[in-house]
Amino acid sequence: MSDPFFHPVSGFDLPRFAGIPSFMRLPHLTLDDPRIADVQVGIIGVPWDSGTTNRPGPRHGPRQLRDMSTMIRAQNGATGVRPFEMINCADLGDVPPNPADLMDSMNRITEFYDKVLSAGLIPLTAGGDHLSSLPILRSLGKAAPLGMIHFDSHTDLFKDYFGGTQYTHGTPFRRAVEEGLLDPKRVVQIGIRGSTYDSEDRDFADAVGIRIIPIEEFHARGPEDVMVEAKEIVGTSPTYISYDIDFVDPAFAPGTGTPEVGGPNSYQALQVARMLDGVDIVGADLVEVSPPFDGSGSTAFLGVSIMFEILCNIALNLKG
Amino acid sequence: MSDPFFHPVSGFDLPRFAGIPSFMRLPHLTLDDPRIADVQVGIIGVPWDSGTTNRPGPRHGPRQLRDMSTMIRAQNGATGVRPFEMINCADLGDVPPNPADLMDSMNRITEFYDKVLSAGLIPLTAGGDHLSSLPILRSLGKAAPLGMIHFDSHTDLFKDYFGGTQYTHGTPFRRAVEEGLLDPKRVVQIGIRGSTYDSEDRDFADAVGIRIIPIEEFHARGPEDVMVEAKEIVGTSPTYISYDIDFVDPAFAPGTGTPEVGGPNSYQALQVARMLDGVDIVGADLVEVSPPFDGSGSTAFLGVSIMFEILCNIALNLKG
Amino acid sequence: MSDPFFHPVSGFDLPRFAGIPSFMRLPHLTLDDPRIADVQVGIIGVPWDSGTTNRPGPRHGPRQLRDMSTMIRAQNGATGVRPFEMINCADLGDVPPNPADLMDSMNRITEFYDKVLSAGLIPLTAGGDHLSSLPILRSLGKAAPLGMIHFDSHTDLFKDYFGGTQYTHGTPFRRAVEEGLLDPKRVVQIGIRGSTYDSEDRDFADAVGIRIIPIEEFHARGPEDVMVEAKEIVGTSPTYISYDIDFVDPAFAPGTGTPEVGGPNSYQALQVARMLDGVDIVGADLVEVSPPFDGSGSTAFLGVSIMFEILCNIALNLKG
Amino acid sequence: MSDPFFHPVSGFDLPRFAGIPSFMRLPHLTLDDPRIADVQVGIIGVPWDSGTTNRPGPRHGPRQLRDMSTMIRAQNGATGVRPFEMINCADLGDVPPNPADLMDSMNRITEFYDKVLSAGLIPLTAGGDHLSSLPILRSLGKAAPLGMIHFDSHTDLFKDYFGGTQYTHGTPFRRAVEEGLLDPKRVVQIGIRGSTYDSEDRDFADAVGIRIIPIEEFHARGPEDVMVEAKEIVGTSPTYISYDIDFVDPAFAPGTGTPEVGGPNSYQALQVARMLDGVDIVGADLVEVSPPFDGSGSTAFLGVSIMFEILCNIALNLKG
Amino acid sequence: MSDPFFHPVSGFDLPRFAGIPSFMRLPHLTLDDPRIADVQVGIIGVPWDSGTTNRPGPRHGPRQLRDMSTMIRAQNGATGVRPFEMINCADLGDVPPNPADLMDSMNRITEFYDKVLSAGLIPLTAGGDHLSSLPILRSLGKAAPLGMIHFDSHTDLFKDYFGGTQYTHGTPFRRAVEEGLLDPKRVVQIGIRGSTYDSEDRDFADAVGIRIIPIEEFHARGPEDVMVEAKEIVGTSPTYISYDIDFVDPAFAPGTGTPEVGGPNSYQALQVARMLDGVDIVGADLVEVSPPFDGSGSTAFLGVSIMFEILCNIALNLKG
Amino acid sequence: MSDPFFHPVSGFDLPRFAGIPSFMRLPHLTLDDPRIADVQVGIIGVPWDSGTTNRPGPRHGPRQLRDMSTMIRAQNGATGVRPFEMINCADLGDVPPNPADLMDSMNRITEFYDKVLSAGLIPLTAGGDHLSSLPILRSLGKAAPLGMIHFDSHTDLFKDYFGGTQYTHGTPFRRAVEEGLLDPKRVVQIGIRGSTYDSEDRDFADAVGIRIIPIEEFHARGPEDVMVEAKEIVGTSPTYISYDIDFVDPAFAPGTGTPEVGGPNSYQALQVARMLDGVDIVGADLVEVSPPFDGSGSTAFLGVSIMFEILCNIALNLKG
């Protein structure tokens, strides 16, 4: 049973549109707060988009995700799970990025997650563009390479951009494999689609053993079948979940910088997250929500609904 | 054959963007108009949202629904039904609410529908938030408890809010059952989903015999199968149809106050309304369209398309 | 000199788009926090719009105002005042309203402000619709009737609405005068304009001695001259400031429910707030910001810029 | 005193967001209604934009203007005039255009206004693009050439477009002068600005004696001084008022197809209409409101506010 | 292998948001450019909407389609086809319409396409409203009647509008059949739905042998099965592809003037275009994208994604 | 007289919404085009925003500015100047930035402008965030320090951000003075306002002799008087014009990342640009237009209207 201090404010006590918006109405703790020792899952914002090669905006993601997250109530309607009563969760605030210095920002992120890990917390991240995953993995995958289930319309496995630039939101997992943070044999990418520059990314995946499930296969087999395979690939070892909101069709998630049409609908978007039960999740992120491209917050609301499904699975894991 | 006085203005005579927008371009009659005696179905606006506990706006629903309803033509493309030539329909205008007095507004609504019933009309309502259904049912269910097919992502069966408040858009059907306006054994709720405060609503449903079909079941079985069961539940006795636009996935119906992701698409949204054929519909509502959250009118257009399907089924019933 | 604990987070440390948005990036304290004793000015949200007779939305005002308030930096560019270093300011969170019970909400608000006054704080309120001012004044004006400088396009002095309803956003100051919370001889209303139902409100103003400066006079005389008169009217006794954002022309402040064209521009909107220097401000509010009608946040940004000007004047007063 | 039948519905009886939106909540009468004989001013929609050479949309103008017009109350806040109690006004509905046949539409409009004139009504028109003024003037100016006060950022005096096309929204007044519908010596155009193709329009104006007051002169002299001259130019003979919403700066009126920056603000926009007192207004139009470019309705609200000012002046004239 | 001159600018050389937006970043050639002789497929804009009977805007379609088309990369993600390296493609610019003269515009369009055909190019058109297809077919179908696969929610087979008007976006294919430009036995229309005026269009289709596949059949059978039949109908003879964006459900393609709910999703929208492989495509259009109704560009991005699929099939054909 | 090759396409030949949007419908020439030798003014896009510390988006500026620039016609309505017939102007395309490498991008920009200068052209730049001005000045100010008239709400004179970062859009002119690219004694900054971190920027200005005219002074003295002083400060020596769109009040220019309320209106925004006549303009930029924050294009239209005024003054200079 969790500590009532960590229970979200109920919408019956304070209407859901009211109050300062922390993630899911959880208490906000800084890393130097003594109560950090009691926290099991920390939700963290990474308001950063310096890796974006196309339309910017994910730096505004964490704030809009927090705003819409106050619409999340205590209980999972599909499974009955009540995560906030099973484990202690908290909003750890945002990593302070340096918007004008990409390398400095990457270091700041890794340092922040190092502290989170030292404190023994599982981090659930609200991005930020997809390059955010790299400095996070530099912390989480330091000890040993992780498996990864990766939902996206892009592989983010490219070698470089613009004539040699190594760090963009199209390259994080190439770097992570090169740096030994991910075990490519235990990596699966689901939902890949859209026009591409070339096949350089897929050739790399093939070479190192990353399994790509393109959208055509996803639609043909259905989410259940695909997720069975995905879970077999990562097995029971520590696994990272990286969920790019552009995995979902842009009609359901217009607020993102590099949309690709023809994706899953919102029900499927939830299903795949719900089917992560049993996976040994050591960290997860939801990235590429770009508020300037969806002022309505619909994309962010879908994003936090996905985060809530992941959180429920982490809670189930921790409760054993 | 209906009276030509009640035929909508054709888009070939006056383009669909032109003219003062009454519902489906029907004639507007007030309740004291002598021609009321000829009307069989009255479309009524309830511009009211005082029961809203979250994001407001449905008070603007009737006007936007009227605006978009001028896009509806004379004939149902799927079934060939031409309702306006089968029965006399009219726009009865809006119930005048008191936006600053909830109880006064509920009384005003019930009084209005009492007059509509006295005149022998079947009311088709454009809400308004979902609390609107309660004062309507106080009129329609006065004689005997009704059955109900209820499309929604929420049960609206909660006991109270904010420490004892009885009347909100989350409680109307709890009240209606308590007041004997609905026969819970003949009530089915379809599409329920989203995070929840707790299971108090579902426990009540179980206790009184309301059948809840959650969205997971809906997606697994499909609309046809679900609707067969729904029609068995209500049988051939008088039945109310309550259609909350948030039944539909927010990508198709963003203009609502309490969206829940993972819902049906627009084709399914029409299908379930079309499959109401044969149900003894004594009244119906389409509620929770909130224009401030969808200025484009897409949600309202879907809403009136659903209302048109329901109207076609009422017309088929009345023509026998 | 203020306590560094109460200094806002600098945009140089954490970019202004990052972090959980409290008002002006101040620390958030609840009323039962022991540090409350050190606070001099408390910024409070009243997320409530049950008094709205037209387009709703101000219940969302405090959150959007907080969001945009992170764009406010430490120093007033025009006057050089650095309020957060002069006095201890804090975000006191939101009063929890009951969206479905107007009278209950009014009581909750008054109770909250009673506690704020007991703690010796000056409250700066972010509304909420204009009815919010009444329960606030029931606390602030309890001891003795206050003077008021009121910026608005409407007098909000009507007797009642909808056939006898006493409490709407068009009646708060009629009630406040009747209840002895305001001294009408020390009340001035600036910017009044737009079409009106009748002259019943102005007749009341004339009868009790409230000075109305309509927009035509404002534009003819200019802000400086008008504010000199306004300050003479309220004199040196305790005075409340009530600033309805619809005072400003809707091109500058579209996000409001009852706009009236032909108002002041944003520079004048700031000027009149800046010219409140020397007034004995015992409380102030900025009301009627309605985010659903301005998703961009421009209105809210203007709103918090006005709040900052008022805060600077309070800081000057307190520093003497 | 006007017939109470013609009094608008009060916002105290039916909230302003409720009800089927006729112009200013007036009764809707078709031209063959027997009560037409009692009407003195008819408000008419011309939902047509086939003359638009740039961004389309004014065909949607009348509906949005009606929608926003329900925000207009009974009394002019600045002058105290209560037009609806002085004269009988009605909404005459929309002229049915043929969107795919420009010449057919022009004939339909002229025929409609011929009937309006036969019935002895003064028409107040809600456009429609500016070409609408030509078929209207063919009716109103048939007996004798009219004077005109024309507010606009463009002269609309061009000879032709696209290699000889005579009828566009850039040519109506060239045609009207050529056809003897306007007396160019009694025509004044106020607010002209923006980049131009060439000076062909201004050369024509000079040649026939039309007075152009460019925006630079308007800003330098101010609205009062300019309007004194304008009224001298038209004198006491019958005069048409043509008000293109793009006269106003696009910050105040973004919903129009050919905006030009640097225009008057909304207060000045109202002032010039209010200063039409004493002019013998035989007809007036407000044109070029294009809802697709301002879904918020702000432009339309300014538009109807201007129409209300004009209507008040017509009422003053008729009451003598 | 194509000439490198005709290769699009890569996003690795110039980011995709940068540069003057030609279609798919191809070189822009006018019809009198000597390099025209090398071009195999010309992409052409028809910025025209004079045939629109409802909400206007497709005149803005080509520009927004160009803008979003810079998001299309070199390679088809699903099939691996790299069309720009297989054949020489170019942007031929826009046909200059006369927005105020429908008949003149139709002639201008036919003349433009006559030149395109003389030069031996296959035209891929970005509309414009659906009437655009008629003047194009007058060029392409001049030699012999064509087959056509037509994706739409409307048949566009009506006899006339507004009492005899022959040329609107609801009549082009009635005219085309009458003029012998299409062989009705080789015409199939897919996705038809929505309310209708009457069955006059479907009666005509039946009489001349056009096959209509309504949306109910499409959803029941699925895209694959339907496309097999469609390809049998057109066979191996020359065929035109006409793709109205309102074929797709408005949640995926809101930017159009006459939406009908209940349509295919974006994946199906791509699938049907991809399954055109093997069809002898002699020309194709994508019409009815109306930017004023989707400023976000989502509809246009789906539109160009569909155009890219069609282009890939043309490339496969030309390469044999 | 200019070469007709360089005349923009007329809206009478091709409607203004049609065609591929180059700046002001001028011919597009790359730097290696032989006709570059004939060009006198080159309009250049810098689609880059890596210096942005707050809300991003100016990387999309050049494209939207081009789009809206097709609304600019041949002749200045206020002055009668026809710049495109006086001098040869061309669109030089966009500098290709590296969105993920700030330093690389700065080098690319400087290299591009070095070539422009070598070719003897005067560059008129469409940004881009304000850091863009620094790499441009590194080219233009290389030979000798320039004077500058700078319109902005911020000084952009800060020392560094985020603990030492030298290159952001808040520091370009500090760097430019330090690098000897600007002569601070000949620099004037107009319109400065908004809350500030501290006075470090103004202290620097005072120390080196930069003249700051804050908004309060601007409003008090008026644009004419201020511009007389500004022109005295820069004198007759070579001068750069840097125009940040956030100089203008956000009601007129909402599409920008760091708005400050209380600024000039659009007429004043044009006036100050028009009053640059006689200044020896060696280069100019219009920066910080951020399309994601104004999808309507209003801000961009104001931006290009300002660019057109500057261009007219350059044309007057070159024609002597």
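Per-chain residue numbering starts at 1, and chain names A, B, C, D, E and F are given in the order in which the chains are listed.
Following the convention adopted for this analysis, contacts are C-beta pairs under 8 Å (C-beta built on N, C-alpha and C of every residue); 3 or more make two chains touch, one makes a residue touch a chain.
Per UniProt, the chains are A, B, C, D, E, F = Agmatinase.
All values derive from a computational prediction rather than experimental measurement.
Participant: Check every other chain and keep only those touching both chain D and chain F; list them.
Facilitator: In this structure, the chains that contact chain F and also chain D are C, E.
Participant: Rounded to the nearest 5 degrees, what is the angle of the rotation that puts chain B onto chain D, matching CA atoms?
Facilitator: The C-alpha superposition of chain B onto chain D needs 180 degrees.
Participant: Distance from the CA centroid of chain A to that of chain C, rounded to the nearest Å?
Facilitator: Averaging C-alpha atoms per chain gives centres 40 Å apart.
Participant: Would you give the residues of chain E that are in contact with at least 2 other chains, written as numbers and ranges?
Facilitator: 13, 15, 17, 53, 55, 59-60, 99, 161-163, 251, 265, 293, 296, in rising order.
Participant: Which chains are in touch, pair by pair?
Facilitator: A-B, A-C, A-E, A-F, B-C, B-D, B-E, C-D, C-F, D-E, D-F, E-F
Participant: If we count contacts the way the header does, which residues on chain A are in touch with chain F in the complex?
Facilitator: 49-57, 59-60, 98-102, 104, 161-163, 165, 167-168, 292-293
Participant: In the complex of these two chains, what residues of chain E are touching chain B?
Facilitator: Those residues of chain E that touch chain B are 53-55, 161-163, 192-199, 214-216, 219, 249-251, 254, 258-263, 265, 293.
Participant: Considering the complex alone, what residue numbers of chain D touch chain C?
Facilitator: 10-13, 15-17, 71-78, 80, 251-252, 265-267, 269-270, 296, 298, 301-302, 305, 308
Participant: Taking the touch rule as given, give the residues of chain B at its contact with chain D in the complex, in rising order.
Facilitator: That would be residues 13-15, 17-22, 28, 45, 47, 59-60, 62-63, 66-67, 91, 93-94, 96-97, 99, 295-296 of chain B.
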